[in-house]
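Chains here go by letter, A, B and C, matching the order in which they are written, and residues are numbered from 1 within each.
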Amino acid sequence: MHKITKIATYGIIIFVILSFNFFLPRIMPGDPFAFLTGDPSTDMPVVLDAGIKAKLLSYYGLDKPLSMQYYDYIANILHGDLGWSIYYNAPVWDVLRGSLKWTLLLVGTSTVIYMASGIMLGAVSAWKKGKRVDAGLLTFILSLSSFPSFFLGLLFIILFGVDLGLFPISGARTPFMDYSTSFEEIIDILHHLLLPAATLVIAHIGGIYLLTRNSMLNVLGEDYILTARAKGLREGYIMRRHALKNALLPISTMIALIAGFMITGTILVETVFAYPGVGRLLYEAVLVRDYPLLQGAFMIITLLIIAANLAADMIYVYLDPRVKHK
Amino acid sequence: MSLLTITHLKVHFPTQDGMVKAIDTIDLEIANSERLGLIGETGCGKTVLGMSIIRLLQPSTKIEGEIWYKGKDLLKLSEGEMRKIRGKEIAMILQNPTTSLNPVLKVGDQIAEAIQLHQGLDKRAAREKAVEMLESVKIPSPDKRANEYPHEFSGGMKERAMIAMGLACNPSLIIADEPTKGLDVTIKMQIVKLLKEVSRRKSMLFITHDLGVATQICDNIAVMYAGELVEYAKTEDVFKNPLHPYTQGFLNSLPNMGLKPIRGMSPSLIDLPSGCRFHPRCDHASAKCTIEHPPMVEIEKGHSVRCFLYT
Amino acid sequence: MIEDTIAFLKGYKNSVIGLVGLGILIFFVVVAIFAPYIAPYDPHEMYKPVRHPNSDHLLGTNHIGQDILSELIYGTRVSLFIAFISSIIASYIGTSLGLIAGYFEKFGFFFMRIVDGFLAIPRLPLIIVIAAFMRPSIWNLIFIFVFFGWPFTARIIRSEVLSLRNRPYVDAVRMLGAGNFYILCRHILPNVIPLVVVQLIMEASHVVLAEASLSFLGLGDPTTKSWGMILHYAFEYPTIFISDLWKWWMLPAGLCITFTILSLTFIGYALEDLVNPRLRREIL
């Protein structure tokens, strides 16, 4: 039953997102397709050459009835056809594919560091609740995570990139570089990755930290923790073995939100660091009003988040024996 | 010879509404191989007494008095020294097995970890010992059960697992907190039988609000009311010759004695009644009872009571 | 009720974090209210562009010559206005729906599937897409923030109502013949108010961040001054990183956003600490 509801929920979400993507440009006031029909009153200064225009017109099929348009739209997506990017003059999927790997690298690295450090700090804080360590960590982390990611990124660029010259301030690798070994290439990529990843982690760490801390505090009040203490076990051991696993249960159900934060953060951080990922593409698409690309990037981002949700469900089953046996 | 001697114990919890005087004041002895029953209504401080012996109360708790165990005052031990006593010397079987077992760890592992810690066995040996323990509390196919999680156990089975966990390191004193609560009659009797068996040649503090169960296991019974003891006697004397009006009322409220509840409610532990704490509910209360706090007096050998009716 | 409020204020007074947060927020609110009296210039007025700080322009001027300090002061208005209007409306809608969904079980179940769907969709990317299609204006932004803000409140309120609904005293009132609406308003609503306040504060800080992010991406209302917008133009300026310009063009605006979020976070945390007794419970 639980599983069916879950699958249904995902199905509904995907359906809603796709429909949303379909209807949004069609119901917006001010006709976003004005650029296609060459309406001069539009404030969107997109000049199209005839070839692209023909491609777009056939993709959107605006002359057909709405139900046909919708059917074509879904069919196209199932064939991996996300439309034609105006700005890049290439299929949207081809444009996105190149940047997807960078986003995955950035989000993946940051998420691992973020989860590990946030959970550890939250657990320590809960364990030392009411003591100096807790108060200090709490104030420090709440303050730190009040920095918007884009502002933090800008500060990092100025401080570590420009003033100290320690890190490159844009891109995912040094342009026109000939790497003599693949090791050198990896180092270069990591060098570019570090600042954006650090920005993402630091700007968002407050969420997981507070979540772990609260969850841990609840768990530490449970009877089985008393049982563990009554056995004479050490505090550190009780924290690790008895408390943490239980505390992670509610956290794993929040992974959807966490993934949402991280991926949202990616849009801003990639923009600030000119990191060539999907988020940066989304921003570019906004700037040049490349609607097909914008919608494609949005869809990929949403699918990433849904994938994160699925992963969270699987982690939950792994953590909680009570679910496994049902 | 006494194994545990509690003198002038007070346990107070500072709270926003005021000081909760959960224990005020208790003197109590448990002899070697004695099984002492501690009975009283819910909320009178039984669990708090057990917890203060193994010192599992939160740090803000105000504790006064002495708790002597094998020549040491437990209240003066460091946290590290106390850890060596918990589970190994004194085991507490906590109330409510459903919430007291960790839901995400296998039952066998939860038993084995204490064995590994206190007896210095390696993981495999501890695990084997855990299976033995499950067998000794009469859990069928203990091998298989050790690999299961608490939610796969029935209520009675969980209680058995808790008992196995408590006994795992062969402690000298067992504190069993309401181990029969919430079980149906047949299971309850099985658990009673088991506890009687496993506590042979050990000391046990048996906490319950079920006098019937206490009489089957215990040598002596201490009756607790609002944070203090009001009567202490051999088990049979409590039944044949209950002295304190509270004990008498308690007996009358038992199902086979007429089910007559004591009138009124147990008092708030923040504002205790003046004089005798039981006087607002007592049919024999005199003016003196409302003013003066009666002392605990030994009426005959091994039978003490806290009531002006006998002095 | 009055006693509760007093006890609550007493508790709040002990929270250092809460007081610091409140202090900062009050500062910004005062600046927002008296912006026209505090600001030295009209923020839309143009002087010589890209001036360094001097006695006329304490924080210099931007790329088209507007006084940055005045922009900052007026920006306070926009940020706080959008944040509070959106979060108040979102809380109102979310609370009403949460109450109903918690009280009427059948409706609640289907309703929560919708809310779950809403919550699974990432807010900011969606808002970016919508804002890119809509002509950005303050009211459009507020509409978007409300539209995506209410499900959080609805969800939290619903789960609280679920636990309140089965309390013995609610049953007792029902036995006495009280109607559903009466029970909801008289006996359940007062109990969820503290949670609503916490949620409102949290929501406000989300909106400040979201509005700043949108403006930074160039999707804010171009006719009003907001902190995110200042950062947007600064970031687009070619020599921003290699000169000292960032020190007065970027840093103050960024710090204003940061401190506003900080104050709301601190207040929210202090309130939650008071409201949620499970977190307060002392632990060994």
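Following the convention adopted for this analysis, a residue touches a chain if its C-beta (ideal position, glycine included) is under 8 Å from a C-beta of that chain, and two chains touch if they have at least 3 such contacts.
Predicted, not measured: the structure shown is a model, and the values here were computed from it.
Once the contact rule is applied, which chains count as partners of both chain B and chain C?
Correct list: A.
Which chain's centre, taken as the mean of its Cα atoms, is farthest from the centre of chain C?
With centres defined by C-alpha atoms, farthest from chain C sits B.
Just how far, in Å, is the C-alpha centre of chain B from the one of chain A?
Here chain A and chain B have centroids separated by 53 Å.
How many Å are there between the centre of chain A and the centre of chain C, using C-alpha atoms for each centre?
22
In chain A, what residues contact two or more other chains?
As it turns out, chain A has residues touching two or more other chains at 229.
Which positions in chain B are in touch with at least two other chains?
Within chain B, residues 56 contact more than one other chain.
For chain C, jot down the residues that touch at least 2 other chains.
Residues 282-284 of chain C touch two or more partner chains.
Quick check on the complex: what are the chain A residues that touch chain C?
5, 8-9, 12-13, 16-17, 20, 24-25, 28-30, 32, 43, 129-130, 138-139, 142-143, 145-148, 150-151, 154-155, 157-158, 161-162, 169, 206, 210, 214, 217-218, 220-221, 229, 256-257, 260, 263-264, 267-268, 271-272, 282-283, 285-287, 289, 291, 294-295, 298, 301-302, 305-306, 309
For a test of understanding, state which residues of chain B touch chain A in their complex under the given definition.
54, 56, 83-88, 91-92, 94, 96, 99-105, 110, 113-114, 117-118, 149, 151-152, 162, 165
Give the list of chain A residues in touch with chain B in this complex.
Residue list for chain A touching chain B: 222-224, 226-234, 241-242, 245-246, 249, 319-322, 325.
Residues of chain C touching chain A in their complex?
So the residues of chain C touching chain A come out as 17, 113, 116-117, 119-126, 128-130, 132-135, 209, 212-213, 216-219, 231, 235, 241-242, 246, 250, 254, 257-259, 261-262, 265-266, 269, 278-279, 281-284.
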